[in-house]
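Per-chain residue numbering starts at 1, and chain names A, B, C, D and E are given in the order in which the chains are listed.
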C-alpha cells in the first residue's frame, strides 16, 4: 500500500476505530478489576448469563430454521410482493425496542390479536422464557434474513442451471449447493443476529418482563445493577463482552474468512 | 414533614426568587420520570415569570439520572424519586438539597379489576400476575418495605425497570396488579384504577430537588418548584406535601 | 417419428438478439452448432436445457414433449446433460463428488455413484485428482471434470457448449478422441457448440450454423466442406468462397470483382470455392493450362504445422496453402508480388 | 417451483414472516386512527422526528465517510490484527445500549478519558445533538462496516489485478471499480445502519439525555409518550415506521436489486 | 544489455506446483508460452505483472528492475498490460470506458483517452458496441474488448493469457492478423500464453514450453517445428516423435518398441520425427525404395479441412495425413488393416 492510500484510507478508518473502540477502552479502564471476579460469580449474574445464552442460541436456531427459507425465497424473486416484504422486514430494525415490546404485547399478550385466542387454551406467553426468545427473534431475525439473502444473491445463477440439469430439484440444489456455498453468509448473519439478540434490552423487558432466572437476561441484569452498583454492572458487561468475543471469534474463525 | 436540607447551603430559592427580577439564560433539569406531568406544568408557569429563561428538562429513571450526573452530564438541577436514589450521587457535585414533595404507594389494577383485587393480601394469590418495580428503583424498594410490613408474599411475575413501565403492564392488561405511586395512578387518567393501601403499612417517599450549581436560573427553577403555584400543581397530580 | 431424438424449434429474445432456430436429430446423432460470437449458440443450448423459457416453438426429445406452448418441464425433469464454456464446478465439492452429483441427484446410491464418478474421471485423465477441490485445479483440469460430470448421468440430450475450449492441444486431442468414442456408444442426441472447426468436423454428424439468431446452413461435414454457403462457413472449412454470377460456359463474374473460370458450368447465381491447396504460386506469369491466373501481392504469411498459409490480394482475395519448401524457393513474404493460378477443374460452383 | 419445495420452504418462511409482521399489524390495528394526524402534527412529535432525521442522516454520512475505508482495510487483510479488530467491532452490537451510553459518558463526558481534555477547551459533548450522533454512530457503524466488508470480499480479486496493471493505484481502483461495484452492498449497509440509528434508544437517552428539540429523538419521544399517552406513542411509532419504509424503499428501489 | 526487453527468472510455489522459469526477450520480440494445463503459464504471467510475488528470482524489463530480492514494484508502477483468459471487464463501465480505463489511470485526459479507446475498439471490430455494458456482450465480444483494453496503454511488457481462446474462428483469424500487425509496430516485449499452436507459430518469435513448472524447450517456431523435444511439443507441431537409440548407420531402436531407419545417421540417444505428410498408406506390402514399412491397424480417422488424419497402431504409433481421395481409394476407416511406409529421407534424427 502506498503512503497516499495509507493516509487517505487509514485516517478515516482510524477515526472509525476510535469511535467504536474508545468507549470499550473506557469501560475496561474504569472497571474495578479487584471486584470483577466476585461480581460475576456472586449474585444473579451467572443466572442471567445462563438465561442469555439459552435464549440467544434458541433465537439463533429460530433464525436458521425460519429465516433461511425466507431469505431463499426473497433472493429468488423480484416481484412487487418481494420488494414490499423486504421493506417490511426492515421495520423491526427501525422500531424503538420498547415500542417493539409493546407491539409484541399487542400481538401475543393477554389481549393481543393472537394472544387472546391462546389465552382461551390456557397459554400465556408474556413473562415467560418463551417471550424472551420471541422478543429476541423479533429484533434479530431481520439482520439474519438480510445478510443471508445478500449472500444468496451473490451465487452464480449458472451453478443452479448445472445442478438442475444434473437432476437436482430446487430443494436439493438449495441443500447441496446453495447452502454450503453461503455458509460464510449464514455464519455472519448468525453472528449479527446472535449479537443483536444478546444485547437486546427494550423489547425483552417490555414484553417478557424482568424476573431473575426466568426472563432476566444479562442486559437486564446489567441495567438493574447499573442503578445500584455501577461497578458490578461494569463487571457484568465485561463478562458479556468476553463471552460474545469468544463466541463470535469461534464462529468467524471457523466459517468466515 | 417540613423542608429539610442536607447540605450547608441555606434553602436556596425562596429569598432569591422573591427578591430578584426575571432571570435569563438556560437551566438544564434532570427529573425522575414520575415527575413528567408536574414539571411540564411548572416549566410552563415559569415561562410567564422568566420569559428569557430557557428550561430544558430531561426525564429518566432516577438511577440513570444520578449516573449521568456522576459521569459529568452538564445539568443544573436534579429531581429524584426518593431520597435513597441520591445515595450514589457524588456528594461533591451537590450545592443544596431540598425535599419538595412526597408520594405514597397504591395498588394499580386494570379498569374493571379482572383479578378482583381488593386488598394487599390478594397480591399473594397464585392466580394473580403481580408486577413490581425492580428493588433498585425507589418504588420497588418502597413496595418491598410495605409488603414486608404486611407480611404478604406477592406472586410477582416481573420486576420492571421504572414505575412507568410497571404501570404500563397493568394499563395494557398484562398484569392483574402492581404496586405504584399514588401520583402515577392519578397521572394515568383512568387507564388504571387504584386500590388503596392502608397508611399502617404504606411507605412514603420524599422527593428531593438538588441544585448542582449556583446560577440564577437554577435557583429560579427550584423556587418555582417550591412556590405555592408549584405546590398546587404537585397536589393536583397526586403528590403529597414534602 | 419414434427414432427422432430431437425435434425442436427455439424462439426467444435475448437482449437485442431474436433467436429462431430449428434443430432436428436422430438418436445417436451428434449435432454440431457453429457460428460467430453473439449468434445465439449458448442461448439455444440454455433453452434446450430448460433454463431459458421459450417464447415460441417446442422441444421434443425421444418422443416426449419437454416444452410446448404453455407447458414446460423443469430442467431436472428433462434427461439432459449440460456443460457450459466455464467449468462451473461446485466449488465446495471434491472433483469426485462433483461428478457423482448427477447420479446422486437422480437417485443412485452413494457408493455406485462414486464408482461411476471415478470411472468418468479416469476417462478424462484425472483419476489421481479425484480428491482435489476445484480451486486446486487448473482451468483445463476443471473443464475436464465438468465434462465428466455432464457425461455421468447418461442423458437423452447432451448439451456441450464449447466443452474443449479450455483444454491444451494434447489433452484436447486425447479428450476429443475419448469424446468421439464415448458419443459413438451413446444413443441419445448430442448438441455440441464449438468454435473449433476440428471439433465440429471430427465429432459432429451434422453441422448447424447459427448466425445472427437464425440458421444459415445445415449439412453433414462433407456437404459443408464441399459447399459452404456463407463467408463464415467458408472460413471454418478453410476454403476460398466467392458469390458469383455464372454464364453457361463456366465463366464466373465475382460479386466482389474479378473473374474465375470453372470446368463445370452451373448457370445463374452461384457460390464458387477454391481450395487453398489448389492455388499454385509462381514467380512469373504462368504458361500452360491454368485458365485462372492473376498477379497478386502477399499480405500475410502464417505457418500452420508443416505448411504455410499465404494471404493474397489482387483482382480477388485468395488464400493459398503451400509447403515450406515453396516458401523458401519463391521467397514468399508479406509485400512480395507474384502470380497465382488455379486450374479450372479446381474451381467448384454450385447454386446459391 | 414444485409443491414439495413450496411446502418445505414456504412453511417456515411464512412463520418467519408472521413473527416479524404480526406485531406491526397489531400496532396498526390498535392505533387510534382518528387521532393519528393530530398526535403527529401537534406537540413534540414533529420536533423529535426532525431531530431524528437530522441525526440519523448525519450518522449515515459518518458511516459512509469513516466506515467505508475501515471496511476496505478489513476486507483486504487477513492478519491477526484484522481478525481481532473485526471481533472488537461486533462488540457494540452486543453491548446493551444503556451500558453503551454509560461507556460513552465514560469516554466523552466531563470526566471521561477523552472528555476531560475536551472540557479544558470548553467543549462539552453530553446532552448535545452531537452526542446523539455519536451515540447513534457507535451502535450503527458496526452494521455498516460488516455489510460493506462482506460486499467487498465478494469482488473478484482478478479485477484488481487488471486495474492495477492498467495503472490504477489501489486508491484509484477503490474509487473507480471497487466502490461502484459494491454500491448495492453500501446501500444495504447504509439502510441497516440508518435503520438501527433511527430506532436507537438506550445509548441516546443515557449519553445524550432526553431534551426536547436537542436530544429527544423520535424513539425517546415515543417512550415519553408511552408513559403518558399510549395512543400518541402509537401514532408517533406509526409515523416513524412510515418514514423508514419510505426511505428504505427509496434507497433499495434505487440501488438494491 | 540495453536492448534487452525482458530478463526474468520466476521462482515461486503455487499449490503443489513449484515454478522456476527463466524468460529473456529482446525488445519487440513476441515470446509464446505453451504447455499443458496446470503447468504454470498463468502463474508466470501473474508474477510478471506483479500480482503474484516472487519467492526467488528477478524481473528486469527494458533495463529497469521491477522485482528483485526485497524490492518490488507494484503492478501500477510497472508499464505492463495484462489480459487473462476470462475477459474480466469492469461490469459497471461501458465497453468504451473499459478500454479508456488504462489511459485515464495513466493520466491521459478524458477526451483523448476516449478517442484512443474508440480506435482500439475499432481495431477489434467492436466500434458499434462502444456503449454496450459487459453484460450485453457475448463472451467473444467481451474478450475482444479486454484485448483492446490491454493494448490501450502501450505497455513495455504485454502479457496475454490465452487472449484468443474465446473467439470464433473467423474473428480469431481477423484478430490474430490484427494482433500480429499490432505487435509488429510495438517495440515492447509481448508474452503470449496460448493453447493454440497456430497462434503460437504465427504470432511468436520464440516459443517457451512450460511443463510441470519448468521450461522443457525453447526455440524459434522453425526450430521447434523441426526438432520437438517432448511429446507435448511434438503434438503441438503436428509431428510423430520418438525417443530412440541410433547406431552409426542410421538404424534407430525406438524406446517404445519398433525400428526406424534414417538416411542421416546421428549416433547415440536421439529424437526422431516423422511428418504425417510423409507417411504413405498402401493396401499391400509396398515394394520399392521405402526402407520403413509396417503392417498397421487404423484406430481413428478425423477430417481436418480438406485432408484426413489417420491414427495408426502397429510396431509403433503413427499418425498419417492423407488426402480425402486416398481415404476413398483405400477405404480407410477405423479397424482397417493396411501398410504404412516412410522414406528414410523423411525420418529426421537429432540428439536428445
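Just so we're on the same page, contacts are C-beta pairs under 8 Å (C-beta built on N, C-alpha and C of every residue); 3 or more make two chains touch, one makes a residue touch a chain.
These figures come from a predicted structure and were not determined experimentally.
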Given subunit A and subunit B, the chains that contact each of them: D
Contact distance in steps, from subunit A to subunit E: 2
Inter-centroid spacing, subunit E versus subunit D (mean Cα positions, whole Å): 55
Centre-of-Cα separation between subunit E and subunit C, whole angstrom: 21
Rounded Å distance between subunit B and subunit E, as computed from the means of their C-alpha atoms: 88
Subunit C, residues touching no fewer than two other chains: 74
Where subunit D touches two or more other chains at once, by residue number: 2, 98, 102, 106, 112, 169, 226, 230
Subunit B residues counted as touching two or more neighbouring chains: 64, 67, 168, 172
Every chain pair meeting the contact rule: A-B, A-C, A-D, B-D, C-E, D-E
Subunit C - residues contacting subunit A, complex: 46, 49-51, 74-76, 78, 80-82, 84, 86, 88, 90-92, 101-102, 105-106, 149, 153, 155, 159
List of subunit C residues in touch with subunit E within their complex: 15-16, 34-39, 42, 85, 136-141, 165-173, 176-177, 180, 195-198, 201-202, 221, 225, 231-232, 235-239, 275, 277, 300, 302-306, 311
Of all residues in subunit D, those that touch subunit B in their complex: 98, 102, 105-106, 109-112, 115, 119, 124, 126-127, 205-206, 209-212, 214-215, 224, 226-228, 230
In the complex with subunit A, residue positions of subunit B that touch it: 61, 63-64, 67, 70, 88, 129, 131, 134, 136-137, 156-161, 165, 168-169, 172-174
Partner subunit C, residues of subunit A touching it in the complex: 156, 158-159, 161-169, 172, 176-177, 180-181
